[in-house]
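Right after this note come the structures.
There are two complexes below, and they share subunit A, which is joined by subunit B in the first and by subunit C in the second.
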Partner chain A sequence: MADTLLASITLDGAITFAKGYGLNFSFLKSAYERDMWLEGFRTTLVLIAVTIPVSLAGGILLAGCLTAKNRLLSLPARLFVELTRNTPTLVQLVCAFLGLNMLISDALGGAGRNPFGAFFWVVTVVGMHGAAYHAEALRAGIEAVPDTMREAARSLGFGRLEILRWVELPLALRIALPAIFNNLVNIVKLTTVASAVAVGEITYASIMIWTQRDIVVELMIVLLLFFSAINLALSQVGFWLERRLRTPGLGPTGQGL
Partner chain B sequence: MKLFRLAAAASLAALMSGAIAGTAQADATLDRIKQRGSLIAGVILSGAPFGYVDAKSQEQKGFNIDLATELARGLGVKLETVTVTPPNRVQFLQQGKVDLLIANMSWTEERAEMLDFVPTAFERSGGIALGRRGTPVKDWPDLKGRTVCLSQGANFTKPLAEEIGAKIKGFPSQPDSLLALKGGQCDAAVHTGATLRVMLLDHPEDWKDYEILTPTDLLPSLNVIWVRKGETDARDALDGIMRRLHGSGWIIDAAERNRLAVTPYFLETRDANKGR
Partner chain C sequence: MTAVGMAATTLPAIPFPHPVGRPVAFCVAAVAAAWIALRPQSALALLDWSPHLLQGFAMNVLISASAIALGTLIGLILGVLELSSLRLLRLPAITYVQIFRNAPHLVLIFATTYALPFEIAVGGWHIAFPDWLKAVVGLAVPASAHIAEIARGAIQSIPAAQWEAAGSLGFSRLQTLRWIILPQGLRRSLPAWMNLYASIAMGSALASLVGVEELLHAATDASTAVRRTDFTIAVYLTVLVVFFAYCYPISRVTQRLERRFAV
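Here is the complex of A and B:
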C-alpha cells in the first residue's frame, strides 16, 4: 500500500517534472500503455540476448564453410552470404513472416499447428543477417593468419578441422574482433525491424503509443538514449576483449572510452 | 519551457534527416496556400473507398482524393497530394510538409489538444472485425483474450485492449494486418468498416473463407480534416467549404461514387447545412 503510494507519487512527480520541460509522458498513467512500453524494453533485451549468440554461432559455421577447400561446402555458404547480405533485412523479415510462414502453416494443415511465431522469424532473419557479416569478418581474419602457422600446425599432424579450431579461429577471432563488434552493434539496431511484424519490442511499443498520442519527440528521446546505452556498453565490452586477447604483433587494440 | 521541446525536436529532426525542419510556422497556412497557388494535402492511400492507387491508370483515387480536389477548388488553387501513413502523418503536418491531413484520422480528445481540426467532419464510422467463417466470435466481447490484428495508430486499439481485453498486434498498414490474419497470426482483424466492406465486395474470391463477425461498429467516431494548431484562418475557410459540400449533397454523391455506405450521419449533416 505504502509502496504503491510512493510509486504513484514518484511517477506523477516524474511526469510533472518532464512536463516542465515541455515533454509529455502522461501515457505512463495508462496501465495498458505503460505495461506495453515496459514490456517493450524487456522484449528488446531478450531479442538482443538471443539474436547475438545465434548470429555468432551462424557466423563461425559459415566462416568455416567459406574457407573450406571443398566446393560443396564453400559454394552454398558463399551463395547464402551473398543472398543474405545483399537484400534488406526488413524485406527478408516480411517475406519470411508473411510469406514463408504462411506456406509452412498451409503445409502443416493450419496456423494452429505451426510452431513458428513472429519472434522466431525475427531471431532467425536478424541472426542470419548478422551471421553473414560475421562470416566475412572471420574469413578476413582466417585469411590473415600467416601461412607459416598453418604449415607448422600441419607438420604437427593437425587435420583441416583441427587447424581451423586450434590455430585459425583463435587468431582470426582476435583480428576480426573490431569488425565483429561493429556487426553486433548493427544487430542491436536491426532488432527494431521486429516492429514491422508486431513483435512487442520497444520501437513497436513506442510506435503504438505515439500513433495514439502523437508524442514522437518524447518517445524518440528515450529510444535513442536506450539504444545508445546498450551499444555503448557493447562496444566497451569489445574494446575490453581486444585488450584482453591481445596477441603482441598481431591484430588491433582499441582504446575505448 | 517550450524552448527545450522545440530544441529537442529540432535537433532530433536534424539527427534523423540531416536537415532542420521548420517546426513552428504561425498562422500563415491560408496565405501560403494562396501564394503558392496550390493546396498540399496529406492523404492515406491504404485502400478503397478512402484512398488507393488505381492499378490500371496509376492514378490516385478514392473519397480522400475527391474531397481534397474539391477543397482545392473551393480555395481557388491547384491540388498536390502527399501520401502519408499513420506513424508519420502528424509529423508531416507539424513540419509543414502538408497543409492539412485527410488521413483516416478520427477525432480524439488527445489529438485535439495538439492539432486543430475542421469542425464539420466528412464522415462518421467505426471498426468492424473480420475473421474466419465459423469461429466462435460472434460479437465484440467474444474477442476477450483473443488476438486481434490492426493497423498501428488505429484508435480501436485502446477500447479493444482495455475494455474488451483482446491481445493486440499492430502492423504498419492494413494490408500487412490482413496478411497476418490470413497467415493465422490473429483471430480477427479490426479495421474501419467502410474499407473492409468494399474490400469484401471487390475481392470475393480471396475472402470467401472470411466474414464480418461483429453486428455493430466499434467506437464510431468523426473523421475530420486536421490542420496545425492555431491555424484558425485555414480551419475556418475549410469549414465553410465543408458545410457547402455537405449542404449541396456533394458529399453524398462522392460517397456513393466511391461506394462509401451512406449512413444517417451523411443525411443529417446534409439537412443541417442545406441552403448554404
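Here is the complex of A and C:
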C-alpha cells in the first residue's frame, strides 16, 4: 500500500516536473499504456541480450567457413555474407517471416503447428546479419595473424581446426574487437525492425502510443536517450575489453593506456 | 580538386564478373527458370506487377539519393564545427553527432513522419510535405551524424604541418580548409562515404513502414492482390535481388577504393 502510494507520488511528481519543460508524459497515468511501454523496454533488452550471443556464435562459424581451404565451405559462406550485407534487414525479415515461415507452416500442416514465431525470426535475421559483419571482421583478423605463428603451430602438430581454435581465433578476436563492438551497436539499432512484424519492443510500443496521442517529441527523446545509453554502455565495455585483452607486442602500442 | 579528379580517371575498371556476382546471378537465373517452368501463371503475374515494382524502386533511389545529399551537406558543416576552437560551436555539434549516430534509423523515420507537418505554410503559400520527403529527412539525420564523423576523421588525418605551412603562406583557417585540407580529405573519406550510401540505400526500405510507396511496399501490394504463396515468396525474393543489384556494385567499388587508398 505504502509502496504504491510512493510510486504514484514519484510518478506524478515526475510527470509534473516534465510538464514544467513543456513535455507531456501524462500517458503514464494510464496503466494500460504504461505497462505496454515498460514491457516494450523489457522486450528490447531481451531481444538485444538474445541476439548478441547468436550473432557472435554465427560470426565465428561463418569466419571459420570463410577462411577454410575447402571451396564447398568458403563459397556458400561468402555468398551468404555478401547477400546479407547488401540487402536491407527489413526485406530479409519479411522474406523470412512471410516466405520461409509460411513454407514451414505449410509443410507442418497449419500455422498452429509452426513452433517459430515473429520473435524467433527477428533474432535469427538480425543475429545472422550481425554474424555476417562479425565474420568479415574476424576474417580480416585471421588474415592479419602472422604466418610464422601458423607455421609454428603446425610444426607443433596442431591440426587446421586446432590452429583456428587456439592460435588464429584468440588473436583475430583481439584485432577484430573494435569492429565487432561497432557491429553490436548496429545490432542494437537493428532490433527496431522487430516492430514491422509486431514484436512489442519499445519502437512498436511507442508507435502504438503515437497513434493515440500527439506526443511524438516526448517519446522520441526517451527513445533516443534509451538507445544512446545502451550503445554508450556497449562501447565502454568494448574499450574496457580492448584494453584488457591487448596482446603485448601486437598492434599499435601505447594506445588506450 | 585535382587529386580527386586524377583518382577518378586513373581508377582501373572493375573487372567483371565479381567474385560472387556470377554465382548469385547463376542461382537467381536457375531458381527463376525453374519457377517460371513450374508456375507460369505466377510468373505472368509478376510480369504484370513489374512496372509497379519498378516505380517503387525509383522511389527508393530518389529517397536514398536525396537523403545522402542532404546528409552530406549538413554532415560536412557539423564535421567542421566538431573541430571548431569555439566551445559554443563544438559542443552542440558533438552532442548532435553522438545522439543521432546511435539512434535507430527506423525510430527517426517514424519520428519525422509523425512530428513533421503534412504541409508548410510559407507566406500564404502551402507547400505539401509528403511522406517520402519526411522519410528523406528521417534518413538524412543519421546520415549527417555519420558524415560528420567521417569528415572529422578525414580532416584530422591530414598532418598538422600542412595547416602551419598554409598559414605561413598567408592562407586563413577557412581558406586552408577549403583549398588544402578538404580536397585531400575528400579522397580519403570516399570509401566510408560510399559505405554509408549503401547503408542509407538499404535504409530506404524502412520507409515502407510509414506508408511510402517504395519497392517493399509495392511488393506487399502485389502480394495482397495476388494472394498466392509462391507469388508472395517470389515477389519478396525479387525485392531482395533488386536491392542486392543496387548495393553490391557499390560495395565492390568501395572495396577497390579501400585497397587503392590503403597505405
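In this section, the second predicted complex is superposed on the first by the 251 of 257 C-alpha atoms of A that agree within 3 Å, B and C clash if a C-alpha of one lies under 4 Å from a C-alpha of the other, contacts with A are read in each partner's own complex, and residues count from 1 in each chain.
Just so it is clear, a contact is a pair of C-beta atoms (placed from the backbone, for glycine too) under 8 Å apart; a residue touches a chain by one contact, two chains touch by 3 or more.
Small disclaimer: the values here were computed from a predicted structure and weren't measured.
Aligning the two structures on subunit A places subunit B and subunit C in clashing positions. Judged by the touch definition given at the top, the superposed model places A:I207 against both subunit B and subunit C.
Of the two partner chains, neither subunit B nor subunit C is touched by A:L108. By the touch criterion stated above, A:L90 is placed in contact with subunit C alone, subunit B being left untouched.
Shared-chain residue A:L161: touches no atom of subunit B or subunit C. When both complexes are overlaid on chain A, the residue A:A196 reaches subunit B and subunit C alike.
Within the superposed three-chain model, A:Y32 lies in touch with subunit B and out of touch with subunit C [touch as defined at top]. Applying the stated contact rule after C-alpha superposition, one finds that A:L79 touches subunit C and leaves subunit B untouched. Legend: residue contacts after superposition of the two complexes on their common chain; A:V216 is shown touching both subunit B and subunit C. After overlaying the two complexes on the shared chain, residue contacts for A:N231 are found with subunit C alone; subunit B is out of touch. Taking chain A as the common frame, subunit B overlaps subunit C at a single listed stretch, which among 92-100, 128-136, 182-190 or 218-226 is 92-100.
On subunit A, the patch touched by subunit B and the patch touched by subunit C overlap at residues 94, 98, 102, 195-196, 207, 210, 216-217, 220, 224. By the touch criterion given at the top, residues 75, 78-79, 82-83, 85-92, 94-95, 98-99, 102-103, 106, 185, 188-193, 195-196, 203, 206-207, 210, 216-217, 220, 223-224, 227-228, 231-232 of subunit A touch subunit C in their complex. Contacts from subunit A toward subunit B in the complex involve residues 20-23, 32, 94, 97-98, 101-102, 105, 110-112, 114, 117-118, 195-198, 204, 207-208, 210-214, 216-217, 220-221, 224.
Of all residues in subunit C, those touching subunit A in their complex are 19-20, 23-24, 27, 98-100, 102-107, 110-111, 114-115, 198, 202-206, 208-209, 216, 223, 229, 232-233, 236-237, 239-240, 243-244, 247-248, 251. Note for the complex: subunit B touches subunit A at residues 1-6, 8-9, 12, 15, 86-87, 90-91, 110-111, 114-115, 149, 152-153, 155, 157-158, 161-162, 168-172, 176, 179-180, 182-185.
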